[in-house]
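Order of writing sets the labels: A, B, C, D and E. Residues in every chain begin at 1.
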Amino acid sequence: MQIAKVCGTVVSTHKESSLTGVKFLVLQYVDEQGNLRPEFEVAADSVGAGINEWVLVSRGSAARQSPSSANRPLDALVIGIIDTVSMDTGLLYSKREEEY
Amino acid sequence: MQIAKVCGTVVSTHKESSLTGVKFLVLQYVDEQGNLRPEFEVAADSVGAGINEWVLVSRGSAARQSPSSANRPLDALVIGIIDTVSMDTGLLYSKREEEY
Amino acid sequence: MQIAKVCGTVVSTHKESSLTGVKFLVLQYVDEQGNLRPEFEVAADSVGAGINEWVLVSRGSAARQSPSSANRPLDALVIGIIDTVSMDTGLLYSKREEEY
Amino acid sequence: MQIAKVCGTVVSTHKESSLTGVKFLVLQYVDEQGNLRPEFEVAADSVGAGINEWVLVSRGSAARQSPSSANRPLDALVIGIIDTVSMDTGLLYSKREEEY
Amino acid sequence: MQIAKVCGTVVSTHKESSLTGVKFLVLQYVDEQGNLRPEFEVAADSVGAGINEWVLVSRGSAARQSPSSANRPLDALVIGIIDTVSMDTGLLYSKREEEY
């Protein structure tokens, strides 16, 4: 999985029919120092994540292993809202402190 | 999923037999500032996207989770035409304004 | 899918038993200006592609969605010989003109 | 598979329901000289790996081929704790020596 | 598939139980000029490849399409020992000549 920050949303009204009701979040990946990487990803949301939250994202067929995403043409899914990322060098992120 | 812009088409008459009737679009990926990235991708189209439209593209086995693509040797599928991409820093793209 | 040019072949006599009879082509990916990128790929051939032809290649599980490749340990398959690649800026490639 | 070093953990209380009880490790990939690469990955743990250990990590659908990970939206799994990595040029890593 | 050179082995005694007996090879990818690329990969071996041999490696779910790898958490498999790689510009590799 990758660590990413929710930084936007995508609206698409004309889409593959099984995607009705799916919320698309724009994510930016986070590097090992807590900075945003230039790449971004659009993922379906299974957990109700909001702007600026750090999340775990699964890609590939993993993105369809959830009741809300099964059998849909999705290749990325937000699977959890991150509380903390603890590295051997210290705390990289804490949702409570909202430092990032 | 990735955000991409439709910038071309590929014609192949001599192809794997299950691909008869599939339309191949050339896509260029879009970066987080709305610029085109150098990489491109060829995707099957499930939504009738046209040149210059911004689209959502799914890759991998996700590309075969649609009635028009199931059981075909496809690894990329256009799954929706994008209306808007809204970032925390403002509107990145709006189909109506056709700024991009 | 990716656009690639056939630039070689691989021979392997000692291989996984299900691969008997599979032809392995060496492909080089093509960038959006029609130049060869440094990366290359070895793909099984389902369409009888020849040296110097431009082809469409599918990767991942897509490579096994063809009668000749199903249930074999293949992750890349040539799925079509390209006639033309048309970009919004003009014709990138035409097999007939053999310019590339 | 990739060789990686365990360098942290991720805690997520609000997550996809099938992920209850899954431990998330932050891994940093190791290059061919034994140095840490900048990219990192979050993987589920199937073997009880601890901080600073070198591990083998499988990605993609491989990550769900274990009783503890099947049918969960996981795309990376620690599948083994590494004892030694032996290269033709000598020993790159030995858990016993704990040089890295 | 990718062309790679076998350059080492990984030993892991504490691993996911289905992996007992699997041999892990360290591979380095080869570029289009026959030089080793910096990236490396650990793959299971289905063909008895030895140090310094050039091999074909399949990644992703393809790595589990062999009797020895099915249903195991493996994402890379050596599927063949390469005899020759012939490019349009000449012979890149020949096992018999052992030039590389």
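FYI, a contact is a pair of C-beta atoms (placed from the backbone, for glycine too) under 8 Å apart; a residue touches a chain by one contact, two chains touch by 3 or more.
The structure presented is a predicted model; accordingly, all values stated were derived computationally and were not measured.
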Practice item. Would you mind reporting the rotation angle for the C-alpha fit of subunit C onto subunit E, rounded to the nearest 5 degrees? Key: 70
Practice item. Just give me the whole-number Å value for how far the CA centre of subunit D lies from that of subunit E. Key: 20
Revision key, fill the gap. Whole-angstrom distance, CA centroid of subunit A to CA centroid of subunit C, is 33
**Study point:** Touching two or more other chains - residues of subunit E
**Key:** 60-61, 63-64
Practice item. Name the shape of the chain contact graph, picking from line, ring, star, complete and other. Key: ring
Review point. How would you write out the ring of chains in order, opening with subunit C and then subunit E?
Key: C, E, D, A, B
Check your understanding: Where on subunit D is subunit A touching in the complex?
Key -> 7-16, 18-19, 24, 26, 28, 38, 40-43, 51-52, 60-61, 63-64, 71-76
Check your understanding: Which part of subunit E faces subunit C closely enough to touch in the complex?
Key -> 1-3, 31-32, 46-48, 56, 58-66, 69, 77, 79-89, 92
